[in-house]
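The same subunit A turns up in both complexes below, where it pairs with subunit B and then with subunit C.
Up next is the complex of A and B:
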């Protein structure tokens, strides 16, 4: 007689809400008549992300004491719940941004896959066994591969999807191989038991474990798009549908960082002397490569992609600090960063729809005067990315720097400050295009006399992103408290 | 017949099966790389994977043997055959077009595996692989794996089905689109359809 384990449905509720929505959206593709398909599936998906957000909020409130659920496959704690809040919020915004984009083909399927990707990430935020971690990574990755290539008739989409599939599978293979080695060294799949086995049996210098840890970190670095594992990022962000690029930039990065910290702090705390140094090196590489490569880009989506690599470097500084302060810093950083990422890509999407082709920096000339709301919003996002005060980006960077400083790595802080200075060039370059250049000269043939009507939902999403970016500066204390309680549930 | 004789017959049988499986394994392996028709290579690969499954059975890992047949010899090979059928005559044999770095890489990989096997045999002969692993009798048996799927790894087991379902949906989405030519695509773009 097999007694199946107790299922904590409440802990699973944020994931289940989105899974239900994914199934409903798929059914809508078949049952709902053509013209209604888009509003129905978009509304349902939006409701799913909002429901998931609400469930995660309740879960946060009721998970003060962290404990395993479903025989340790999941961890029910505030760390996961706060990450789920960020992910669900990013998904809801992505739905709003997407609404104006799709017209005919695969409308419901698009939303179903978006919900499925969100569900996978939200599941992964809680995953705490090597098995569920790998499955969660594949879950959201497969959905994203398809979303990138969903307009398969367009060569750029197909290229993005294929590149993402191949490099993503490469990263997953590293993760899987590393997990197998770690299992071989410790004999368990659960992160907490791995940590205990390493501590009790003195395995921290076991070659099998160390190689396994290194390979897992490589696999995760692909998902975090940390240099030198970032090569797919610009191509995929450029080729994918723009709302999906924004969603990937925000949510994939968020879940990869949250997961990495969970793995490192729970299972590999004994190996901190190894991975802190490794992550610091990767952080420097990301800061240098991301910022220098962004300088020479002309396509706005590529600039944003390299900027996301450099932001991975900033967040990695905080992870490498190996402290509760660092964990708090990453969680806080992710809130304004996700909003800015989705918002910036949304503005690019709006411009792209007006032009009918990819947006280069020159295409933004004078856009701030044509569309003041979007222009000012993009201005604020650029300042936020660069880390100006009055945006959450400032406090995020400040926290990341102070975590590295507290760890005694002044040199890392100096490199981070230098990288910020370099990044001003391209962030302010976009702002210059928006407001200080006239559209007549540069735009010419690409002017927008017959511009489509304003996309109200996209504008709402952009305004919401601005609100989050700015509010996270002023409401810093409540957010830091949230992040503090969340970080408290990991054994820093 | 005495028990001893039965054991002896059993041993002979094991050896016979082993020799047969190994011969099939090597023979079909050679066929995979020497056939010029990719379809024949794929069929030979099925034989190769099947004989590997027999070897796993001889090592008393029933679950791995079954998975080998179901997943590799079954599902993966069907996909191989589909791809070959889809590409038709368009795929060249890999050695057409002179030496490439692929060949050098395969040679290095093959050599590495050979060294790996030789070292393992040498270590076993030298007695340095004699640690007895602390494993239960049931470790790796199909019933134990089934029990784990329904207890410790219940969630992972269920989630696997979701991952496969999403992949299947994706396959359908990417496969079932109305094909348009480049020109039509450009015209649609110009007409602002993407907008």
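Up next is the complex of A and C:
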């Protein structure tokens, strides 16, 4: 006899909203006549993300005390709810950015998959048992594999999808194997019970447990694009449809970090002496490899991909600090970072649509003069990535460095600061292309006669991203308060 | 008073925003007028605040005004606030005063440029950033202003974006400054974590017994100051920054931004006094820079680069001053230097303007008769630079040297270097002045300005002998007066205007005695004059008889080459290595491979690709193996 557990439908509402939307968008592929298909499915998906955002906001307001939902395999807390807000916002922006690009078939499927990926991530933000974690990871990953390869007539898309699938499965296998070992060592799937079992039974040096932890960290590091598990990142970001690259850069990273912190703090607090050092080492690896490899790239999407690797390093510094301050720093940083990531890829997408091929740094020559709004926006995103004042990136880096310093890791702060200085080199390289060179210099690469008209929705999304990037600098207080309450629901 | 200070801060920002937002609605001329009036308005506001501050009691002149609370977490609170005290007051007056003159001058200088509006927008943005830096009420805002001046300097150096050299110089300046920003930021983080306050009172709240932390903080701050003020060894960006328009060099790279490092050390003097080894290092760096930059200036041939090295050398004096605790003297020199160095740059600008952009002093010569007004004011600026008695530079430089002598044996060693610097200053200044204005006019000069020239260089203004329109000459005239008489606000210890003014904020550490003042003044003046005589004998008669300069000086003491070797080359090597060994498969995979596949040359490529994914998996597995073994070993 199986008893039905009590289901907290309210806690599930952000996920359910998107699931419903995914189903509707898929139905639209069949039921809605051709010309209307795109506007309908895009509108529905956008509404789904907005609805999910609203639901997450209400959930945040009504989850002051963290408690389990669905017999503890999901947590209803502010940590998850704030992550859901970031994810839903990223999804809504991605819908806007995608609109102008989807011209051929598979329009409804595209939006359905985007909603499904969003639903998986939003589910994962709350997941608190090894089972739901694996479910959530696979759920959004599979949707993303297909999204990467959705334009099956383009070899680069197919290649990206395939590579993502193979390496991603490999990463997931590690996560699953690790989960099995941890389950074997502790006899439970729930994160909080694992943590208690480790503490009560003194399992923190159990060989099964530590190897399981290492394997789970490999799987998570893969999703966070932390070096040396990052190699899929430039490939996939370059090959995937550009709005999807932006969405992955923002949302995959956000959910992976939120989940990692939840797992480490809830289940493996006793093993902090192991994973703090490991994460600090991985942070250094990401900073070094991400920044140096970005220096020699020519394709803008690859540069942004390596920038994403280096940002994984900055955020890992805060995770490795193993403190509520670090948790706050990551949650705060994810807000402007997501906006900058989606915005930067959106500008690249706009240029790509005008040119009809991949965008190299040279292809941006003089673009700032042709499209001032997009040019200035990309410029702001680059400065934000570099951690410059007047953007949220400044506060985010400052917070992450503070967390590492308070942990006593001055050396890590110094490496981070040096990495910031190096990163300016390639960020400025892009800015230089945008503005500080006349477009006449790059022969034949600009002024394509068939340049499509300005894409209003994409511009709205970019302007929104700029607004978030800049506003997060001035309105630090409310955002930090949100992050503080969210971090309060984890047992730091 | 506080309201005036806010107006002073926000007016240039409003100017910058208006110029940006109005765009083409604004005529080019109007953009210049708007920028000038916003900065001039800021000066008026600063002057009003100054007069009101004079009315305050000597120890009640510090005002902190909070705009809004930026961030508060527990006991920690960071406000968006401005600090108005005698120290920031001096900086505000210099920035807005000299700034408005230079922006006014730019209207004439930039006339006819394609993108004047953008230029004036940037200039107003710079003045705002600089005011933010000096008025920022806490360390975070100081850091914000610090970054913003770097940004606006970057924008202005690279203003002529068609010139690859200008773009490269802008990037170099930004990146070297970013190194300083990074060390500064680390210092701020350490201060906040140690004291949990972000205001300037945190500086004195640091535990005086914790030498490790104090030294770390002081070194971090010093790193920021050295990069921003172009001192050894982070100076290489400043000469290259001369690629920017000349008013930019005058405003940012002579009068204001490059002196921010001096301001920073004066502002944070309590930390440096507690970590006095670091303060000694600051003074030592300054003294070395005086001599090294002075020596390099001897052999440069670009008129603006000579002045740039001279700027480094003069800021070296200010570093010596703050390094030995003669804060007021340093701020005094900062102010007079802003006058005469801005004047030198503006004069150089007029010369360059008249010669249609020529900057090589070997092409000049004999300009005395052709540009008499420029001649007179360059003469005055040069005399002030040398420290000729009763000019502004005389009083301020000598005050620093006397302070160094008063501070003990280490200070005496610095004093000797400062004296050598005075000699070098005399030589390079007379060389510059004589080669440009005396001797026989070169071909170029005759072509541009000679009797049968068709006014090619003089078309812009049509005034005088091609010396520019009135908007250029009026600010130059005002600065000439200031360079000549600006030193009289502090005359030895008979009348100590600056000293008294700053006493409540940054009290000086040592009081030089009368004979120290005397020996410094007489010595520096004599050596300066010896330098001039040397310069006169070598460069006065004919320029081609000048001795051949040493190679190492021509190579600017090989600093650029050194950085190329120790920083750029290894980074590029590692980047290439990382790419080839770790990342190359990906490049092949995504670039060439796509081509291969689509062109149908499949088989070999596909093998490669499989190998690629396999190599990713291999790396993941190996990394895991290492992690697992380490975890098992240390658990």
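Just so we're on the same page, the second predicted complex is superposed on the first by the 486 of 492 C-alpha atoms of A that agree within 3 Å, B and C clash if a C-alpha of one lies under 4 Å from a C-alpha of the other, contacts with A are read in each partner's own complex, and residues count from 1 in each chain.
The rule we apply is simple: contacts are C-beta pairs under 8 Å (C-beta built on N, C-alpha and C of every residue); 3 or more make two chains touch, one makes a residue touch a chain.
Note that this is a predicted model, so its numbers are computed, not measured.
Of the two partner chains placed around the shared chain by superposition, subunit C is the only one that A:421 touches, whereas subunit B remains out of contact. When the shared chain is aligned, subunit C comes close enough to touch A:215, but subunit B does not.
In the superposed model, C is the one of subunit B and subunit C that contacts more residues of subunit A. When the two structures are aligned on the shared chain, A:30 is found in touch with neither subunit B nor subunit C.
In the superposition on chain A, A:477 makes contact with subunit C only, while subunit B stays out of contact range.
Comparing which residues of subunit A touch subunit B with which touch subunit C, the overlap is empty.
Listed in rising order, the residues of subunit A touching subunit C in the complex are 155-156, 159-160, 163, 166-167, 170-171, 174, 204-205, 207, 210-211, 213-215, 217-218, 222, 228-229, 231-232, 234-235, 238-239, 271, 273-274, 278, 289, 292-293, 295-296, 299, 302, 383, 386, 388-390, 394, 398, 401-402, 405-406, 410, 413-414, 417-418, 420-422, 424-425, 428-429, 432, 435-438, 474, 476-477, 480, 484. By the touch rule above, subunit A contacts subunit B in their complex via residues 2-5, 7, 19, 26, 70-74, 100-101, 103-106, 109, 112-113, 116, 120, 123, 129, 131-132, 135-136, 138-139, 142-143, 145-146, 149-150, 152-154, 189, 353-354, 356-357, 452.
Residues of subunit C that touch subunit A in their complex: 69-73, 143-144, 147-148, 151, 154, 158, 161-162, 167, 170-171, 174-175, 178-179, 181-183, 185-186, 189-190, 192-193, 216, 571-572, 574-576, 578-579, 582-583, 586, 589-591, 593-594, 597-598, 609, 612-613, 616-617, 619-620, 623-624, 627-628, 630-632, 634-635. Against subunit A, in their complex, subunit B makes its touches with residues 147, 150-156, 159-160, 162-163, 166-167, 169-170, 173-174, 177-180, 185, 189-190, 192-195.
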